[in-house]
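All chains are identified by letter, namely A, B, C and D, in their written order; residue positions are counted from 1 within each chain.
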Amino acid sequence: MSDSLNSFLFSTPEMTQVFSPDERLRAMMRFEWALTCALEKHGLAEPGSGGILEALLRADFVNREALERDARNAGNIAIPFVRQLTESIKARNERASRTVHLGATSQDVLDSALVLQMRAATELLQSAIRHLDQALVKLVAAHRETLLTGRTWLQPGPPTTLGLKLAGTLAALRRHRERLSAAVERALVLQLGGAVGTLAALGARGEGISAEVARILGLPEPELPWHTQRDRLVEIVQVLAALTGSLAKFARDTALLMQTELSEALESGDHRGGSSTMPHKHNPVACAAVLAIHTRMPGLVATMLYAMPQEHERGLGLWQAEWETVPEAFRLTAAALTYSIEVAERLKIDSTRMQHNFEALHGLTLSEAISAALAPKMGRSAAHELLRLATKRAADENRYLGEVLKELPELTAHLTAGEIDKFMDPRAYLGSTYRFIARVLGEANADN
Amino acid sequence: MSDSLNSFLFSTPEMTQVFSPDERLRAMMRFEWALTCALEKHGLAEPGSGGILEALLRADFVNREALERDARNAGNIAIPFVRQLTESIKARNERASRTVHLGATSQDVLDSALVLQMRAATELLQSAIRHLDQALVKLVAAHRETLLTGRTWLQPGPPTTLGLKLAGTLAALRRHRERLSAAVERALVLQLGGAVGTLAALGARGEGISAEVARILGLPEPELPWHTQRDRLVEIVQVLAALTGSLAKFARDTALLMQTELSEALESGDHRGGSSTMPHKHNPVACAAVLAIHTRMPGLVATMLYAMPQEHERGLGLWQAEWETVPEAFRLTAAALTYSIEVAERLKIDSTRMQHNFEALHGLTLSEAISAALAPKMGRSAAHELLRLATKRAADENRYLGEVLKELPELTAHLTAGEIDKFMDPRAYLGSTYRFIARVLGEANADN
Amino acid sequence: MSDSLNSFLFSTPEMTQVFSPDERLRAMMRFEWALTCALEKHGLAEPGSGGILEALLRADFVNREALERDARNAGNIAIPFVRQLTESIKARNERASRTVHLGATSQDVLDSALVLQMRAATELLQSAIRHLDQALVKLVAAHRETLLTGRTWLQPGPPTTLGLKLAGTLAALRRHRERLSAAVERALVLQLGGAVGTLAALGARGEGISAEVARILGLPEPELPWHTQRDRLVEIVQVLAALTGSLAKFARDTALLMQTELSEALESGDHRGGSSTMPHKHNPVACAAVLAIHTRMPGLVATMLYAMPQEHERGLGLWQAEWETVPEAFRLTAAALTYSIEVAERLKIDSTRMQHNFEALHGLTLSEAISAALAPKMGRSAAHELLRLATKRAADENRYLGEVLKELPELTAHLTAGEIDKFMDPRAYLGSTYRFIARVLGEANADN
Amino acid sequence: MSDSLNSFLFSTPEMTQVFSPDERLRAMMRFEWALTCALEKHGLAEPGSGGILEALLRADFVNREALERDARNAGNIAIPFVRQLTESIKARNERASRTVHLGATSQDVLDSALVLQMRAATELLQSAIRHLDQALVKLVAAHRETLLTGRTWLQPGPPTTLGLKLAGTLAALRRHRERLSAAVERALVLQLGGAVGTLAALGARGEGISAEVARILGLPEPELPWHTQRDRLVEIVQVLAALTGSLAKFARDTALLMQTELSEALESGDHRGGSSTMPHKHNPVACAAVLAIHTRMPGLVATMLYAMPQEHERGLGLWQAEWETVPEAFRLTAAALTYSIEVAERLKIDSTRMQHNFEALHGLTLSEAISAALAPKMGRSAAHELLRLATKRAADENRYLGEVLKELPELTAHLTAGEIDKFMDPRAYLGSTYRFIARVLGEANADN
């Protein structure tokens, strides 16, 4: 919202533009123009009418002040918009003005304009997703073997690699891309139904006109008008919200790795998040923004879901609840993607520190490796108990687990010192890590 | 949002102004001015510094473009704002510029500015609530005895009066007023804690300076800074959401009464909701707007609640999620109140139609009256069964229930024709209606 | 919830069973059994171990009281479950007990068990959707030409047919079926990753064992474990919520048509919603339940979305937030579908009353037909103004619009009395209604 | 939900009991008993009827299976409950059975029963809040001076004390206690209005009977029945959600301090969160549960808010949406309080580690102290720049900031080595910390 001093933080300039008042009026104008062209083709509008409307596609004729004033009484902006458009046409050609908006209802122009805006908006998002995908692919490939502490419940566990960690986000992103494509295919359809969704005012020519409007706008036709069947819009907003959820997981992990006590990663960038007094401090500015956005999206989804039971042929209030909600979802998602791209492209990894943090645990988190090896020999429970005592001793005495283990006869009965050393090597305890990464990267031999 | 063509429908001009970028900068400026005055008083700022900042209270010096650009890297607008302010002061008086913002953190100025804006905003809301209260009091008093069908599950029941129906809304409104007062009292407090909420940069003078800033701004001091304790803001937004919920109940009922098949009420107004083709049609434009607003508020509340667990001394992302959410809640609520006032002040009641609709039920909904009278004599179940058959017969034969009842010997054994007639009089079956109304209106004899 | 006296109203017996404690334990048991079989096949478990676990598939060995007590300290039920299982096996065969759960983490068994339960649950839903589809197809076909008032903003407009109204719901239902299939295909995958998602405890055999577990359980393998990538579950719950939104639209419309003042439809059934005192009263009991369910679903979606940023390799708290949320979404959706089937199968339509209610409007809502016909001749605005006056006069004088129109010279200059009569015939003003219905029903000639 | 294997993790046994089916039936029974007593007193029920109902207060007579079956058709459990009750009374005394439930509607008994349950439930909560308050008071007092790193954006800043950190939670808890008291005072009122809220079936005796029922149940009377004015219930659930939000902040901070890399705190307890293989590992089990609960509460609040616009005298579907939502909010909140008490009572603090972690920053986070001291002398900006370079040098050379500073002539021109040492002492940079703590603890000299 440009009336909030903070709104620029929660959108991108391009997405703000797509849903700007100017673009909205132009999208409405394109619908009216396409309708008039179709009416003309089917003999209902004066020949040449389409051309006259074409000259107004920039919607410069609109008196915004009058629009707002009249919209308050009308309940929407379409009614005064059509009135102003009709007057503008009339001043040029009275006969062409006669059939402006003929056959359509306010919701037809408003919904179709929204669909046109969403088409431009999803193109922006899809481009950003591709961009982020590429950045993540690079990171995953580059850090395939960068070892760091695996963490569960915010507590250290066995090792993993940064590549695997990020591969999870990459794979989720690709599922969201699939979902977005499917949602877009279902949602980006024409709205044209007239007062109650029957196209009655166009008589027998309704179908032909509808098909022609769809052709001109490049939008598929739905089986029937969807004035009070809003599942398509709901699906779009839900996909956007889930996408920001996955981005938030990436942001949260990054911010946690950036804690000075860990110092494993850094969201860098000139002047980014720098504090004037503490040079070692780098606030995770982009991560914070993504987390903020994620916190706002579920509320938008809830609004869309609650707004579904729109009454009869056109609803009362619930439709209006969508008007600012859908654009907000697109703006927030665009910003979240842009911030995520920044993080992914500029992420500084301190692999030395990652290694150091892992080693500072003195091998304790590798106890599972020994335990798993012993399980078939002495039972998982007995092995656990043995390791529990050994790790406690190692921790109490501040020694490496491997050393302690080599002193335990119950254990050396089963494993040689060399075997113990091998189990204490984190690189030897990565299991299927590389295979999982290869699968996500779609590498040729991934599943051989 | 002014970048949405529809945003004016979801705010009032006054509330839009309160949360405009200009007012936000001015509120931030007032905080910095008050802080400098306090520093000056306590000997930490150059004498005369306060006066120099006072000259900038309109915040005209701000270069908005630079602010936005720098805020993106800084993560908030306070950092570039303070930088620009310092430069502006420096150009006037270098020594005065030395202590701008001294002791405060970004969140101090942003939170305190929000509190100042909320103070102006709640005054607008409280005034609107009083206005609506008056309009409802008039309606309740005027329609104390206006009889209409009571409806449950959208099905007709015994009679009630319009006064009682609206008294429920009035009583709820008053509870919300109480809640808002309590919330405001808790929430409108100064934020001043410095980097981690200890006021350490002000040394031993922290307390005195904090007290002085609070005095200048006219805000109470909290026991301690609340950078990551956000329950106060949450409470405010929750009260606003619950208030719009009660307004939505009023709007929904009104819209239902406006259904042409009922035609019991009309949201009137010049040109309001009129359709160009159907003079009998009056779209409930204001009711629809209130319902739309109500549909959007719970999402804002959810955002505020989810944003509560802000980490440590100042959080990461969750705070940012509040920035646009709190103003949006105020804007939407202000609009909902204004629409509700319009509805209440212009509501046209068709009491003849209300009476007619009730009578069209042929007394069937008064069967409960007879049934209740018979219960102590023959048992509630037996009475019900008797009435069930009688009402079925009345309905099948399209006759008045009273007539049918007088033909039933089981019934006339207990009630005379005169008694039956009395039970069939809806005005005699209003129970405690008038007493309930009197209580809500606070009439002297209400509880005598 | 069975500890709520009302929970049976918000589930179906079958769905309650799928998510019962018994079935959950059995699903967990199936995972452990499959894992042991796979370990055995790959030489990590004692030969015959799989068979020993197979005998425990009913999970009768579980001491529920001990499970609850221990789970409180462990933080989940998997840890005590595995302990009890190990003890049970040990009592049978010590060697087989050694490798129970080897290589898996608690979340592996809990997530995979949930996936198995969701598979059964979605089968129930898909069957119910097919059932509802059939019921709606019948209604649409039967009421293809059943004329009723089209309603917008709860105000009457031009006519539509009940078939078209319901075709909208049918088309939405089919989109939801598509979405559910896609979501299920993405979501119903094995979870097996070990402590930090690397399968490290299984060494080089991880892949083979994972593939074998997947084969035994009949679940596809994901590219990599998804312990903290929860988009799949989110998608499922989102689809369910949107589905209930469309069902709520059907329920709301039905309940509105059931208003006694309209009496166009009736949710019937023996004793259904009958009031003991008012035979004409039929509470829309099933519709109310669907609306209640719809009101609860967005909160579940919001929870799932907020729970997405799960930290690192396994999260802290957000995962736990899903545990009761996913089953609740399935239970509620199952109930909503069942109620909707009841409504669709038992819906009594009063087509005479529909016709009567339309005619009671005296043709006013057909003014659009005349207006549309005049537009090309005199301009849409002038036509509207003419009709506005005519309808006002018809309403004021309580006459049919057609009669009034025939007296207007401005109009008779363009249209003959015969033409006016034709425009006043609602059946002639249905536009593309039948074509739209044919498209939804997939009739052969739908798009010819 | 007891049909979920996990439900015990999200409630307490006491709260589960309060909202159990048995207690619900007993609460309903108490309402019916009180009503009969009042009817008897006012001459509408057979003398002795009250006593007869009193004998059934345990509600043992209810056939639960029949109740469920019949409730499905009736739409709620009150109708079959009253039927079963009437039959039970009839078997004892036919005359007493005649007036069972006379004058009341289903919603009267269900709402009043809920109010009675909420009264017991809020007593449990208030007791738990007091308990937690005491535990926090002890912690705050004990750790008033326990120094640890202040953290903003998850990055280190100047020092604070654990006492101050926890004082914030304590102060928030007390605000919630106030809110809960106010909400309870408004919400715990009788519901008794009859079919449409007029008490018509009780004629002129409605008021007296209502007053008597209120007296017997110990519940205040509202000004008028609140069948479709639900703000009271909404407020309660909102307060509970905000309370869990503050508890989640406490849990999140604790879990972050428990990260092994910090190791500043430990959620202890026998066997609590222990991993069988890693003795140093202690999963923050209770913290995780609180965070899970917090994630679920906003959805419940949203449901309550969306359910507000209940139609006319009694609503359609929205009321039903509350039935499981209100108890769930109480159960979750009770569990969150209990977990928080566990955390607060068993929290192990490693103050040595806190000190160590702070010192590991080499004084960098105290640069603000120097900078604030220099600001009045050389300007805040110039001071910052000086410190920025100094801290960078200290970090690069891995030296203490104080040492580096003493080498800078620009700085030693203003500050002596002794002064620098003083500023580098974290205990001297706690500002108003102790005063803030004293205020929260309400210590006598807090505001002197």
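Here is the rule we use: contacts are C-beta pairs under 8 Å (C-beta built on N, C-alpha and C of every residue); 3 or more make two chains touch, one makes a residue touch a chain.
Being a predicted model, the structure only gives us computed values, none of them experimental.
Considering every other chain in turn, the ones in contact with both subunit B and subunit C prove to be A, D. Interface comparison, A-D versus B-D: the pair with the greater number of contacting C-beta pairs is B-D.
Taking each chain's centre as the mean of its C-alpha atoms, subunit A lies 32 Å from subunit D. Taking the mean of the C-alpha atoms as each chain's centre, subunit B and subunit D sit 24 Å apart.
Contacts with at least two other chains are made by residues 75, 152-154, 157, 251, 255-256, 273, 283-284, 288, 291, 294-295, 298-299, 301-302, 306, 316, 368, 371 of subunit A. Listed in rising order, the residues of subunit D touching subunit B in the complex are 44-46, 75, 86, 90, 94, 97-103, 105, 150-154, 157-160, 164-165, 167-169, 171-172, 175-176, 178-179, 182, 186, 194-203, 206-207, 210, 222-226, 228-232, 234-235, 238, 241-242, 245-246, 248-249, 251-253, 256, 291, 294-295, 297-299, 301-302, 305-306, 308-316, 368-369, 371-372, 375-381, 429-433, 435-437, 439-440. Subunit B contributes residues 1-10, 16, 19-21, 24-25, 67-68, 71-77, 251, 255, 269-273, 283-285, 287-296, 298-303, 306-307, 316-321, 323-325, 327-328 to its touches with subunit A in the complex.
Listed in rising order, the residues of subunit D touching subunit A in the complex are 152-157, 255-256, 258-262, 273, 275-284, 288, 302, 306, 357, 361, 364-365, 367-368, 371, 384-385, 387-388, 391-392, 395.
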